[in-house]
Amino acid sequence: MPILPFDDDQKLFALMKEQLYSAVLCDALDQVGYRQQAMRADIRPIHLDAVVVGRAVTMQSVDVYEPEENEYEQEIAAVDSLKPGDVLVASTQQSTRTCVWGELLSTAAMARGANGAVIDGYTRDVRLIQKMGFPLFSTGIYPVDSAGRGVVINYNRPVNCGDVIVSPGDVVFGDYDGVVVIPKDALRAVIERAAAKVEGENITREELHKGATLRQVFDKYGVL
Amino acid sequence: MPILPFDDDQKLFALMKEQLYSAVLCDALDQVGYRQQAMRADIRPIHLDAVVVGRAVTMQSVDVYEPEENEYEQEIAAVDSLKPGDVLVASTQQSTRTCVWGELLSTAAMARGANGAVIDGYTRDVRLIQKMGFPLFSTGIYPVDSAGRGVVINYNRPVNCGDVIVSPGDVVFGDYDGVVVIPKDALRAVIERAAAKVEGENITREELHKGATLRQVFDKYGVL
Amino acid sequence: MPILPFDDDQKLFALMKEQLYSAVLCDALDQVGYRQQAMRADIRPIHLDAVVVGRAVTMQSVDVYEPEENEYEQEIAAVDSLKPGDVLVASTQQSTRTCVWGELLSTAAMARGANGAVIDGYTRDVRLIQKMGFPLFSTGIYPVDSAGRGVVINYNRPVNCGDVIVSPGDVVFGDYDGVVVIPKDALRAVIERAAAKVEGENITREELHKGATLRQVFDKYGVL
Amino acid sequence: MPILPFDDDQKLFALMKEQLYSAVLCDALDQVGYRQQAMRADIRPIHLDAVVVGRAVTMQSVDVYEPEENEYEQEIAAVDSLKPGDVLVASTQQSTRTCVWGELLSTAAMARGANGAVIDGYTRDVRLIQKMGFPLFSTGIYPVDSAGRGVVINYNRPVNCGDVIVSPGDVVFGDYDGVVVIPKDALRAVIERAAAKVEGENITREELHKGATLRQVFDKYGVL
Amino acid sequence: MPILPFDDDQKLFALMKEQLYSAVLCDALDQVGYRQQAMRADIRPIHLDAVVVGRAVTMQSVDVYEPEENEYEQEIAAVDSLKPGDVLVASTQQSTRTCVWGELLSTAAMARGANGAVIDGYTRDVRLIQKMGFPLFSTGIYPVDSAGRGVVINYNRPVNCGDVIVSPGDVVFGDYDGVVVIPKDALRAVIERAAAKVEGENITREELHKGATLRQVFDKYGVL
Amino acid sequence: MPILPFDDDQKLFALMKEQLYSAVLCDALDQVGYRQQAMRADIRPIHLDAVVVGRAVTMQSVDVYEPEENEYEQEIAAVDSLKPGDVLVASTQQSTRTCVWGELLSTAAMARGANGAVIDGYTRDVRLIQKMGFPLFSTGIYPVDSAGRGVVINYNRPVNCGDVIVSPGDVVFGDYDGVVVIPKDALRAVIERAAAKVEGENITREELHKGATLRQVFDKYGVL
C-alpha cells in the first residue's frame, strides 16, 4: 500500500475500497482492542459487488401509527446534509413495519455525493437502486412507504445499527462479508494494521496452495 | 398508461406486469385506505427478475406426523383447478417441517396457464423452477417431500400468507421488492392511482438528478 | 444410472454429483425410514451452483470470551486431517458471535482434496471462496476472526449441524435445495432408490407437460 | 348487572372490574366486529390478582445510546397528566435495552389516581409495586434505569402496545388472562354484550357440571 | 414402591402421581433409549402444584381466518370422548392467534373424569381453572375465543406437542419441571426404572447433606 | 448504611442482601461507567423472594450428542470447588437441549456454603430446590438429565451469562428484578454509590406520596 492519505478522506476511502476488505479491517480492529465493530449478519448488501466506505451520517426512525405533521422533516434534512464521502446509517430499532429507504432517497444521496447507505431496517426499489450502482446494505426488502409507519426523529446522534453503536463521523466499511464500523479516533491505527495484514495473508495463502499443512503455516507465521 | 382493460384480466395483468411494481401499488393501496397489504419481508422471489401478477387461488397446509390416506387429494384439486391468470397462494402456518411446492407442481401449474405461486412456506427443486421461468415466491428452500409432513386441508378459503389475509380472487402482485395483495373490490381504484403515481415519480426523480434537494422537491410536489 | 461404484468413494461421489440431487435423496431416505436428514433451511450455499458431496469430518466450536492458549489446535488438526472426498461439517451451537470458516481454511481444505464444507454458523471471505470454486454452505456471513470468540473443542465426534446429527463418515450431499445427510450404513439403499426415483420423475414430468392433470398422473403412477 | 353508569367512568370501571373479565370482553368485541383487540400474550400482570380498567393515556419510548438533555421531559408530562381512572399505556417498540417503568412512576401515578399501567416493555421495582397494589402489566422485568437507554418522545398519540393500536381515551381492561382494548366508540355496545354473555355462561357451566356433554350443551344453547 | 398395578390405569396413575416426578421419568426414558420425550420448556403448568398423569387423547387445531360451519364439531367430539384417566393433548402448530382451551372445556373434561390437559398453544379463564383444580399446562394465556381463529381438524392422530410426537394412548406425565411423554409400549420398563432411581437418589442426597463431595458420591455410586 | 465491611465478603454480602437491590446497583454501576451489567430479562428467580449475592464461580456447558467419558468431571470439580459466599454462574450458550442444574447439585452447593446459582440455561427439580431455600436463577425449567446432552468443558473462565461477561470473582447480585454483575474492581465504588442512592429515593418517594408532581420532584432533586 502506498503512503496513506490520512488528510484526504476521499482519496483514503478510494484506496480502502480498492485494497482493503471488511474481514481484514475486523482483524485490525481486534488488534487495537475494538472487538464489537461488525454489524449483525442480517445486514446484507443488495448485490454481490457492493462495497461502501465513508463517514457515517446517522439517523433514527421510530414506528408510528398515524400520519404526522412534517413527518419527513428530519429525514429530508439528514439526506440533504450529506456531503461527498458520507454514508447514511439508519436505525429503525429493527422495525418490520416501515421501510426507511428507497430509490428517491438513493437518487438524492448520490446527487449529494454520498458513497452509500447502511440501513438496520428495510429498503424498497431495490432493482432500480442496483441499476444506479448505489451501494446499499439493509436487513430486508419491503415495498411499503414510511408515511404513517415510521418517522425519522433526529439525525447525527449515536445510533444502534446492526448492534454496533455508530457515532457521526465514524468510518463505515461494507462489502459482501458484512459491515464494519471504525471509530473515528482509531482510523489511522486500524488502516495501518489492516494494510500490513493483507500482505501477511498473501504469504500464508501461497504456502497453503503449495501444500503446506495449516499446522506448518501456523507454526511458521503464528497467524491464521 | 393506456385505457386500462378492466374487463380482461389477462390483458390487465400483462399491462400491470410491464408498467407497475409492488412499491407503487402499496402507495396506491395506502391512498385508498388498505395499509396492511404487503406480505412479510421473508417471502422472497427465487430469482432477481421474477414478477408475478394474477388472481389468487388459495390453499392451506397443516403439519402432520404420519402418512394420511388421500393426503394429496386437496392439493391435487387445488392445482388442477388453476386457470390462466391464476396465482397459487399457499399457507403452511409458517411450517419449518414440510415443503409444499416443487417442480412437478410448478410444471402442472404452468401447464394450466397459472402465472406463478406465492408460498408462505418452503419450496424445493428451485434450480429447475428457475430454468422453467415460473415466478415463485417462498420463505425458504428445503429438500423434503410433504408426504407424512404436511397435508393440504382445503383450498379457496381465506388464508394468511405472509401476514396478509388473502381471499380467493384477490389480485396478487409480486416482484423483487415483495408481494402485495389487492383486494378484488379495490382493484380499479388501486391501479388507477398507481398509474398516476408512476408518472409523478418520474418528475421528482428527474429533479433530484439535476441537483435539487429533497426539501425543494418535497416543497414543490408534496410527495416523496 | 450405470452400475454404482460402491467400493470407490471418489467415483461414487462424482456420479452422485452429476446425476442426483438433494430432493430425490430426501425421498429415498424417507423410503428407507430416515425422515430427519435434511438440515435446517437457513444453511445455504454461497453460490447458485454449489454442489457438495463427501464423507463428513465433523468439528465442534464453542463461544469463548477471551483468547485461549492453543486456541487453533483442534481446528488445525481437523482441517489437516481432511482426505480427498471429505467434507468438513462444523457446528457452533448456532453462534452469532464467531466466524468459524474463511478463505485460508478453504484453501487448506482444497489443498488436502476436500470436496467442500458445511457450517452451522458463519463464514467470511465469501467472494474469494466463490472464486476458488470451493462448495461452501453456511448460515450466514460475518467478517470477524474466531480468535477470542470461538474455539474448536474437538473433531470427529457426532455434531448437530442444521438440526441433523452428523456422525463422522456419514455422507453429506448439498445443493441449492439444501443439505442432506445419508447415514453411512444406509448409503447403498438410499442411492439405489434415488436413482430409481429420478427415472420415474422424468416420466411424470413429461405427462404434465403434455397437459395431463395432476389427478391423472397421480392415479396412473401413484406418486407426486 | 344493574343499569350501567355510562355517564360516570369511575363507577363504570368499578362495575366492570367487579363483574367482567378479559375473556368475555373479547367475545363481546368479536360480536361487534373488533377482532384484534387482545394484546400479545407476553404482556403479563405482575401478580395473580392484578386487574386494571381505565382510560388509556399513551406514551412512546425509543431507544437511545447517550444521555439526552431533558430526557425525562415527556415522561414526566405524561405521568403528571394522569387523572383518576386513567391507565398509562407505554410502547417501547419491544425494547430489550431499557426499562420504562418502576416504583417512583407507580407512586406518582397512584398519587394522581391512575388505575394502573400497561407496558409493552420492561419494568423494575416489581416487589415494591406488588406491595403498593398498583396493577401493572409488562413484558418483562429488568433492573436498569432508562437514562441513556430510552427516551419518551411523546404522549397521547396512538401507540402499538402488544400488537394492538391503542388511542388515547380507549378503555383498557386487563386481568390474569390478558389485556384487552375497547375502542372508545364501542364501549357501550361491548359492555352490554359482555354482561349478557356472562349470564349465558353460568347456565352452560351448570349443565356441564351436571354431566351434559359438550354436544348436548352446544346443540341446546348454540355457544361454547 | 409397592407392586405396580400395570393392569389398572387409574391405580397406576395415582401411584405415579404420588411417588414419581417428571425428572426421574426422563432419566428412566433415557435408560431405555427414548431421549426426546420432554416437551419444550415453554409448556408450563398454570399453578405451582399442578401434576398431571394419564393417557393421551390428542387433537390438532389449525388457524383459520373466517368462521366455519360446524367449527366446533371435532373439538366437541374430542372432549366428549374423554374417559376417566385421560389427558387431553392439543397441538396448534404453535399458534399465537387462537386460544384452544378454557373453563367450559375444562369443566366438561373434568365431568368426564379426565385427569388434565396439555396444550401446545394458549388457554384462557386461567384463574377459574386454577380454582377448579384442573391440572392444565400451556404455552401461554390469551383471552380470545377460537371461533374464526382456529378449528380442531381431527383428534386421536399423532400430534406434535412441545416438539414431542404424542400418539393416542401414550402416557403423559407433567409437573412443575415439565411434561414428559412415555410411549405406551415402554410404560412398564420406564416406571420400574424410575421407581428404582428414586431410591438411589435418596441415598446420594443424604451423603451430600452429610458433607460428601460430588466427587466422592459419584465415585461411590456412579450417578449424579 | 453502617461502615461497609469491605474486608469481609460474608459480612458485606449479608449487608448487601439486606439493604440493597438490583435496581439501585444498576444505577450505581451506571454512575461509575459500567452500563452493560444487567443480565437478559429471561433469567428469572425460581421464587418471588429469592435473593442471591456472592462471588462468581463460572462454568461453561456445551451441547453434545453422545455420552462422553468423564462427562461430569469438570462439573463435579466446579461444584466441589465452591466456598462459602460463592455463587455458581453457568453458561450453556442458551442451550434448549440440556439441563445443567438440579437438586443434587443444589444440595452439594449448599453443603459447601455457596450462596446460590445463576444459570443461563435450564434447571430441574425446582419444587425441591424452592423448599431447600437455595436461591436459583435460570432461563427455564426442563426435566432432562445432562448426560449425553451437555458437558461442562471448563470452569473459572470468563463466560457469557445472560449477555453479560462474568469473570471469576465478580460479585453477582440477583433479586426479583434481575441479576446484576459487579466487576470485582468496581465493588467498593458501586456499593458506596448504591447506599447513597437508597437514601435519596426514600426522600423523593415521600414527596410523591404527599402529592408532589414528578416535575416538582425532579426539579428539586434532579433525579428520578
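Things to note:
Labels for the chains are A, B, C, D, E and F, by order of writing; each one numbers its residues from 1.
Note that in this section contacts are C-beta pairs under 8 Å (C-beta built on N, C-alpha and C of every residue); 3 or more make two chains touch, one makes a residue touch a chain.
Computed from a prediction, not measured in an experiment: that's the story for all the values here.
The fewest steps needed to get from chain A to chain E, moving only between touching chains, is 2.
Between E-F and C-F, more C-beta contact pairs join the chains of E-F. Homomeric contact chain D/chain F: same residue numbering on both sides for under half of the interface positions. Chain C and chain E have centres, each the mean of its CA atoms, that are 37 Å apart. Chain F has its Cα centroid 50 Å from the Cα centroid of chain B.
For the pair chain B and chain C, the distance between mean C-alpha positions equals 32 Å. In chain C, there is no position where the chain touches two or more neighbouring chains simultaneously. Pairs of chains in mutual contact: A-B, A-C, A-D, B-C, B-E, C-F, D-E, D-F, E-F. Those residues of chain B that touch chain A in the complex are listed here as 21-23, 25-27, 30, 35, 38, 40-42, 44, 48, 175-178, 180, 201, 204-205, 208-209, 211, 213-215, 217-218, 224. The part of chain B that touches chain C in the complex is made up of residues 72, 75-77, 79-80, 96, 102-105, 107-108, 111, 122, 124-127, 140-145, 147-148.
Those residues of chain D lying in contact with chain A across their complex are 60, 62-66, 93, 95, 153, 157-160, 165.
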